[in-house]
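You will see chain A twice below: alongside chain B first, and alongside chain C after that.
Coming up: the complex of A and B.
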C-alpha cells in the first residue's frame, strides 16, 4: 500500500456517502489537500447496506428542506459528477400508509408543512392508495400520503460517483486506513493518527456513521449519536409491477422495487438494543414476511435471496448533527442521520462544505448543532421507520 | 477464457466487464460485487466468486487464498415470502 500523505488541510473520516460527498463539495469549491480515510472499503458502512430510498415526506422543516434540495441534486447528479455508469435514479413515488386516526392526523400536518415548502405530496384515501399500488390490501387502512417525486437511487454508484469526481479534483482517498486517535493543540484539532501513519491537519470532518460517537470521544466530545442495527432483505429480480415505495410506520416496515427489478424491504424493531451488532436474525425475515404477505398478498411467491443488516446512526430527535463543535475548533460532525442519511446527503454535504470553508451556509443550520441537546431545544421528527 | 464469457450467470456479468473494473483500479472483491452486482443473484456467487478471485489474484499478485471473500448471507437458498411467513397452504 502506498504511503499516506503526512499533511493535509482537511481529513474526512469515513467512506460512506457523507464522506465522499463532503470531499467532492470541498474540492469543487477549490480547497486543496483533502484526504479521506476509510477503515475498510468505500460503502462498507450503512451506505452500502441501506435501502437507498429518497423521500421528502418529513415532519420537520429541516428534514423537508434537506431532502427537497437533495432531490434536485440527485436529478442531475450523474451528469454533474460525470459518472458514465449512471446512478439508477428513479422518481417512482412513496406511499405512506395510515392505520390509525392519529397517524392520519399526523400525515395531514406533515403534508401541510411539506406543501408550504413546495413538496408536491398529498393525502390519499384508501381507495386512491389502491389505485397507486394495485393489489394493495386495504383492510383496516384509513388512508395515506403520497408524493410522486420521491424515489430511490443506487447507493454504491452514488458514492463511487462522488468519490471518483473528488479524486479527479485531487482528493486523496485511502481505504483500509483506520483512524485510531485525534490530537489537539490549544483547543484545535491538529493531527489524525491512523493505522497507516499520522496526518497533520487543520480540520477534521467526522462522517463515521454509526461510529461517529467513537470519533467524537477521540477529541473529548460526547456526541449523542448511537448505533442501532437495522435489518433488510432483497428478492430475486422480477418484472416491474409495484411502482412506488410503500411504507407503513405503525408496523415499522417499507418495501420497494429497485431499478434492477428486485424488491428490497426492511423493518425497524422498536426493541432493538443500542450497539454495533450487524448479524442478521431469522425472526426478522419471518416477521417481515408475515407483514408483507398481509399488506401486499400478490407478492407471496416472491423469492427472498439475501438478508443483511447495517447500523443506523441514531440521534435522539431523529435529525442530524451538523457543524463545527464550539469546544474543539476545526472539528466538524455530520452524523446522527437516524435512517435517512442517504437521501439528504447531497444537499447536506454542500452545506457542510460551506460551513467548513468558513462561509455562511446557504440555509441556516444552527438548529442542527449538537448544542441543541444541552439546551433541550429538540424538534422531534415524527415520521421515521 | 474468451472475454465475453459470462462469469456471473445470475446477473449476466461478463469476464470483460470484471476486467474493466479491475483495470480501473477496483481490486477489492467487495467493491466489485457492489459495482457490478456479480454475486448478488440467487446463487450468492457460488460460481462467479472463484472466477473473480482468480482474476483478482492475477491483478493484485496475491494468491486466491490470501484474498478475502464476501460474506455468504442468509438464506442459503431462495425462499418465498409465503414460506417465510409460515403460510405453506396456499
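Coming up: the complex of A and C.
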C-alpha cells in the first residue's frame, strides 16, 4: 500500500454513501487536498448492507425536502458522475399500508405535508392499494399512501460512482485505513491519526455511520447517535411482478423487487438492543417470512437465498445530525440517519459541502445541528420502519 | 425445533466415520447431507484406493461408501437426514437446516463440520461456454448418473483427479484428446499417468488454455506453451477440436459455515485455501465446533476418514462418552493420521498444518 498523505485540508472518515458523496461535492466546489479514509472497504458499512429504497413520504418537513431534492439528483446522477455502469435507478413507487385508524390519520397528515412541498403522494383505499399491487392480501387493511416517484437504486453503484468521480478530481481515498484518534489544537481539530499514519488537517468530517459516536468521542463530543442492528434478506431472482415497494409500519417490514428480479425485504425489531452486533439470527427470517406471506401470499414459494445485517445509525428523533460542532471547530458530523441515510445522501452531501466551505447552505439546516438535543427541540419523525 | 447431542454436517468419508466413531462411544448423532445419498465424493470414485490397509486399501471408493453407509444406517444411535442443507450457525448455538424444502433449527451440543471441498475453476475468454465442466462434475455425470459428457474431451490439470478422470473417460468410450498441465511436470501418481499415456493420450506439460471457442456450446480450445514465468509464448498455439473441457485444477475447502460461525480462519495454500485453526482433537476456535476432512485440509479420502474418527471420538468424549476403549482409539487414530502424512506426498500438508494447530482448550 502506498504511503498515505501527511497533510490535507479535509479528512473525511467513512467510505459509505455519505463519505463518498461529501468528498465528491467538496471536490466539485474546487476544494483541494481532500482525503477519505475507510477502515475496511468502500460500502462495507450500512451502505453496502441497506435496502436502498428511496422514498419521499416522510412526516417532517426536513426529511421531505432532503428526500425530494435527493430524488432530483438521483434522476440524473449517473450522467452527472459520468459513471458508465448506471446506478440501477428506478422510480416504481412506494405503497405504505395502514392497519389502524391512527395510522391512517397519520398518513393523511403526512400526505398533506408532502403535497404542500410538491411531493406527488396520495392516500389510497385498500381496493386502490390492490390495484397497485395486485397480489396484495387486503384483509384488515384500512388503506394506505402511495407515491409513484419513490423508488430505489443500487447502493454499490451509487457509492462507487461518487467515489470514482471524486478520485478523478484528485480526492485521495484510502481503504483499510482506520482512524484511531483525532488531535486538537486550541479547540480546533488539527490531526487525524490512522492505522496507516497521521494526517495534519483543518477539517474533519464524521461520516462513520454506526460508529459516528466513537469518532465524536475522539474529540470529546457526546453525540447521541447509537448503533442498532437491522436485518435484511433477499430471494432468488424471478420475473418482475411486484413493481412498487410495500411498507407496513405497524408490522415493521418492507419488501421490494429489485431491478434484477430478487425480492429484498427487512424488518425492524422494536426490542433490538443498542450495539455493534451484526450477526444475523434465524428468528428474523422465520418471522419475516410469516409476515410477508400473510400480506403477499403469492410469495409463498419464493426461495430465500441470503440474509445479513447492518447497523442503523440511530438518532433519538430519527433525523440526522448535520453540521459543525460549536465546541470543536472544524469538526463536522453527518450521521444519525436512522435507517434512511441512503435516500437522502445526495442532497445532504451537497448541503454539507456548502457548510464545510463556509457558505450559507441552500436551505437552513440549523435545526439538524446536534444542539437540538441540549435544548430539547426535537421534531420526531413518525414514519420510520 | 429438535435437539440432538451431535450434529454432523456432511456425509462424505469424514462425516460418515465421525458419525460411526461418536455413536460407538454412545453419543446420539444427527448426520445431514444436502445430497439425496450418503458417501460424498466416494460414490463417484470407481477406482481402487491406495491408502492404508486400515482405511480400505484396494477397495473402490463406491464400495467404501456402501460399507460405511450401511453401517451408519444400521446404527440406532445415528439419525440420517439426506436432502438436508445446513444453512447457518447462529449466536444461540443453533444450526438452521433446510430439510427437503422446510426450515428447521436444531440445538446440538457439538457440531462436526465435514462439508468437504469444491472444485476450483479457471478464467479465460469464453470459460463460461456450456461444455466446460469441473472434472469432478464429469465424474459424477458418468459414474453416478451414467451420462456421457460428450465425444471429444480435453482435460486441464494432470494431478491425480485429472488423470484418473481421463482414464475413466477412456473406459467409458470417450475420446480424450489431450491432458494440459501448466506445471513443468505431472502432479498425479505415476501409475495413473502411465495408464493414460499407454492409451496414447498426449500430456502437454507447461501448457495452458488461452481461449475457448464455440457459438452455442464448446467447439474447441486454443492452448499455448508457458514460459518460466508462466506466461503464454506467442507462436506456440495449438488448436484442439473438442466438445467437452474438464477442468481439474484443485479444490478449495467449503468453509462458509465456519466463517459464518466465527471460527478463526487462515489462508494456507498448502491446505487448499482458507482453513480453520484447530486443536489436535480437531476442535476449532469456536468451542463445540469440530472439523474433519477436506474442509480443513484438501487431502484424500483415507486422511478424511481418520480425521473423521478423531473428530467423532473427541466430540463424543467431550460430552462424557468414553465407553468403548476411548483413549486407545483416539491415540491410534492420531498416530494413523500422522502416518498417512508421513511420506513425501504428505509434506505439503505437514508444512501447512503446523501454523494452524491450536492447543486443546484454546477454543472459546
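Everything below uses one rule, namely that the second predicted complex is superposed on the first by the 385 of 385 C-alpha atoms of A that agree within 3 Å, B and C clash if a C-alpha of one lies under 4 Å from a C-alpha of the other, contacts with A are read in each partner's own complex, and residues count from 1 in each chain.
We take it that a contact is a pair of C-beta atoms (placed from the backbone, for glycine too) under 8 Å apart; a residue touches a chain by one contact, two chains touch by 3 or more.
As the structure is a computational prediction, the values presented were derived from the model and not from experiment.
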Put the two structures on top of each other at chain A: do chain B and chain C fit, or clash? clash
For A:306 in the superposed arrangement: first (chain B), second (chain C), both or neither? first
Who does A:157 touch here: chain B (first), chain C (second), both, or neither? first
Between chain B and chain C, pick out the one touching the greater number of residues of chain A. B
First (chain B), second (chain C), both or neither touched by A:236: first
Taking the superposition on A as described, I'd like to know which of chain B and chain C A:44 touches: first, second, both or neither. first
Examine A:260 and indicate which partner it touches, taking first as chain B and second as chain C; both and neither are also allowed. first
For A:292, decide between first (touching chain B), second (touching chain C), both and neither. first
Return first, second, both or neither, reflecting whether A:175 touches chain B, chain C, both chains, or no partner chain. first
Footprint intersection on chain A (chain B / chain C) at 280, 282, 285-286
Looking at the complex, which residues from chain A come into contact with chain C? 279-282, 285-286
Quick check on the complex: what are the chain C residues that touch chain A? 87-88, 90-92, 94, 96, 103, 105
Show me the residue ranges of chain A that touch chain B in the complex, using the header's touch definition. 41-44, 48, 85, 156-157, 160, 175, 235-236, 260, 280, 282, 285-286, 288-290, 292-293, 299-308
So in the complex, which bits of chain B are touching chain A? 28, 30-31, 34-35, 37, 40-42, 44, 71, 73-75, 78-82, 84-87, 90
